[in-house]
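The structure follows.
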């Protein structure tokens, strides 16, 4: 797709739950596994807490990709937060796709506190995928609408 | 305008090796609202904490960000430090510069920039933090211990001896667990039952311990200090109040050929049975699956023989409810059984045994009264082969981990064999000998040097039968991969230790996490080995990973101390990171419109209805209200509420929003 | 029509109700009317041209404050009424729900349960025109779809007629009025407009009864009702509910199944 | 000033000259079954068969959202970049109705009654209004009842009245208009003495606006507001399509240390518009907000700015989801 993006460093925000993926990412650290610096982790108590608007805001603010990750099904520290989240994402994803928003830029995953290596892999593959997709200019253009000379529809 | 203090930790070299800590501190000073910023070698050290405290007082900081290790490590440390300097502890946040940055990235510009971004993100968050007061919840000073093996026994006794009530539940008819099946124990070769039985009896007699055998956890609700456990007492069909344990019943029981679990299938038991002579309680239960009466509706011989009329045919499972404040999980492990080793002919050849079966053969209380005899023909094996790592350290078998105890018990088995069969010849096939532990290495050497056990380093390819002999084909990797073939009379497999059956379901019942092999996960591999991620639930013994008796006992005592510590206070101070439904001025009172969809979303039924009444007592509107005792702070309701009327303290909409924004504003 | 007028007039005359919400002739098409007296009831009409979802008025305090209210509800309105009931927004005692059957009979519902039974016979189907646009959009590439919606959104000037016309948008404080944080930029711009619509759709997930009032209300003709409509069609089979048949036990987003199917989570 | 004639071809020539001159040209365009003002390049894009655009042209001088100024904070200092009038482009509003032109008078009054609004005036100054007199009208039109008419030239710089031959009567009304004509002077011919009124739509007068003013003076506590507004949903459609509604909100578009101060449309029809921080709302119910809308246009503005706040374009009536027909409501008030 974007061949001229060898130099392009994607901005990626990771929304993760405190109990599984955040701890998993800690394990990645304690295991000294390396991954790309592009991803910055925002810590939530649970995937159930992650408001879909925050994902949209991330893109509006110039994120090129987003990772959402939490406990595997049945392992939620709060029993069912991740099940609620999963429903939310199924719904949200369909809607975004119908509106033409590039859902390939949102990577959902289950990473447990024991899967430090998986976290590193998720990050690296996501960074690679987003690099392949290139910057999300399509979205950022409309975000910068007001800077354009004409306002009215 | 906020006055935030930022403290960047080098963590010795751990962070500063890849992150330019000094520059991060300099740069962050320029950020709006940052009053003070400094970097230091060890923030968690005393001088480091003093640095923070002094800065808080000197610069009148109203927020603190510590850029160091994971908050899961030191958040309490730094929050405490802030509190000591008079700053509300919840105005302190941590940026994870070590686990999430310095350790996972190479040294370089990008790494330092990321570190800066992470700190800035938390600065933006802490600007919006509100001082919070901890929530105090009462504690039920009664513990539940699940599993009556040595771990459960030890934990129960230790807790009970601190003067607190303990409920011990065991799924089998007797406590004792695997340890009661063992003959001698390494490295001292003292008799397992001799040291265990007194403890079992002590449990039965301890005034602070309520023992429920033949019982399982049905469901668990609530939270630390306030659990409600429903316990299923499986029908024993024998009234233990009436039963004197005389044993008349099982002597007369016609069903005599049921493989005995206690003897690992090598011996038989009856349908109404006591698993082993030293059982606690030493009173029988009826195994309804094999009992003639339950199968065919007639027999009742035991009833006829029972002098006290203790048999209860129509007894049903009973569910009792217990309020407990803490739980110790000691459900133990299991060993891989038949069909797992077709290549070793286990299950096919009678004389291929598991380690546990060999324990029974060697045990004085076992089917052969301690004589090593072949299950097939009862003869004494003259040549015996022990295969270590049967399943363990074998990714192909799905068990990449080391079962830890096999090396030692294999050495023990070989030794016991040599002591019992003086002219016998024993060979051990091993990959490595792992004898870490006090007197362990010496123990193995004794087996090799004094008892002349023949240790062959190599794997066994297969075991097959050839005119009455078991042919063990393997390679000796020390002798340059030379083929070895041994004609054995008996083969003993040091089978892998695996998680107990039902471990996964139990973990899900209790909402504790587990690893890919269904061993329960500790809260921290080093610093919280007996805690789980669910407050108030602790682990001990082989349910966490295979381990030997000394380790298990140590861990059990550790868990007991954690429980005792929890019980040493009358109330538990909980972090106030819970959801709250907003309230505002009349005529609105709250932006909540009372659709109560959040009730269906809450995993803890923590959302209640509150009627807001006017002066005249008339209900103006009904809105949601969160029960602070039940709310665990997952925040599912927060993301779900359409009007944003619920927010969660510590992870509020404003805070999370600001974090995301700050990451991308450049 | 006469039957409806007579019944409404009677209800008002004998004081059973203090208000009848129905339809009257409007400039170009029927419009809502609020009859307080038997005389006003003479203006009532009821026909297939009555498209406004009158249930939207049932959550307005100014109207519902005094006494019992009767409403002449179309099938879509009946669905909304059920959903509102499930969401604790209606008081069964103070509400008399009336509809006119296809046999021109006036039907009064004793309670919400009767409404549930009644609408069970009416399936909610995508209209040809709706299906057409959905097919068109699904035929497009993702980029084209994005362009399409952005062009549509560029016409939106944030009058919130979609919100005002929707019976289920009854929040006293809408998320767009929330400014701590400012989830959605309050000015009219394609992105802010789209963010608002995405919120509206997500908030409607599993609640929307597919009446299409939002789309009808849009003064600049954006087919926004398709967002929730399409979502409904997609989710119904996934989560096992019937479009237009409100369910008492939680909605698509407030409930879950351990085996909810998804193929995008790694 | 003077009147001329322009032929069909002349019209094309003139239009292309205007476009060539680099001016932005906004004209009604038919799209998505709606006619709206859009930037156009060729006369062919301009819609002909329609009564009224959904939205008024006010956004040309009072955009939906406009940056008042942007700023950047740097270690305590704030650098402000103010709105720069020079960035405003010369604009021609082509084929707007007389009622559209009339709308600029109340707008100008509002944006200049005490503080002279820099942005509004900058836009207006660079805008030339080319009105086309109305040959058609519908039952929502009532310009004649509010001192306007299908051929009203008030506010226009140039007014065209289309003739059957495809040409038009050109009334050049202001120097701005003259300047625009000069872009293609040769395209114009001498006036053919046609009677303009023959080509104007018939818009009957429905009420006497002075009578309404008189009524409203005492109507503040009248029950009429509740009666009329019962079906009102409280959306902002009427205000946003209105050529004279000028309610706005000031908002912040902040990104870390950078940000913009934005003025965007608002509506007195929204309950939030008057809501106080305390939670108290002086216009708590829809009837009060409906009253405000009518009184503001037909009583407050005439009194304070001596200009009527309504041009009779009828857009609000057409846009309203529940048919709050302003003409109908006004006539009913007049009759009371």
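So that you can tell them apart, the chains are marked A, B, C and D in the order they are listed, and the count of residues begins at 1 in each.
Keep this in mind: a contact is a pair of C-beta atoms (placed from the backbone, for glycine too) under 8 Å apart; a residue touches a chain by one contact, two chains touch by 3 or more.
On a predicted model such as this, the values are computed, not experimentally measured, just so you know.
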Shared chain contacts [chain B and chain C, defined touch]: A, D
Centroid comparison with chain C (C-alpha atoms), farthest chain: B
By number of C-beta contact pairs, the top two chains: A-B
Centrality ranking, top chain (CA atoms only): A
Separation of chain A from chain C, taking each centre as the mean of its C-alpha atoms, in whole Å: 34
Centroid distance [mean C-alpha coordinates] between chain D and chain A, Å: 45
Whole-Å gap between the CA centroids of chain B and chain D: 73
Residue list for chain B, restricted to those that touch at least two other chains: 588, 601, 640, 653, 657, 661, 665
Chain D: positions in contact with at least two other chains: 36, 55, 64-65, 253, 255, 262
Junction residues of chain C - those touching two or more other chains: 155, 157, 183, 187-189, 220, 253-255
Interface residues, chain D side, partner chain A - complex: 36-37, 39, 55, 59-60, 63-67, 87, 89, 253, 255, 260, 262
Residues on chain C engaged by chain D in the complex (per definition of touch): 26-29, 31-34, 52, 56-57, 62-63, 152, 155, 157-161, 163-165, 177, 185-189, 216-217, 219-221
Interface residues, chain A side, partner chain B - complex: 9, 11, 13, 18-20, 22-23, 25-30, 32-35, 37, 40-46, 48-52, 54, 57-58, 61-63, 71, 74-81, 84-85, 88, 112-114, 120
Residue ranges of chain C in contact with chain B within the complex: 87-89, 170-175, 178, 180-181, 183, 203, 249-251, 253-255
In the complex with chain C, residue positions of chain A that touch it: 52-53, 56-57, 60, 73-74, 80, 83-84, 86-103, 107-110, 122, 138-139, 142-143, 145-146, 151, 153
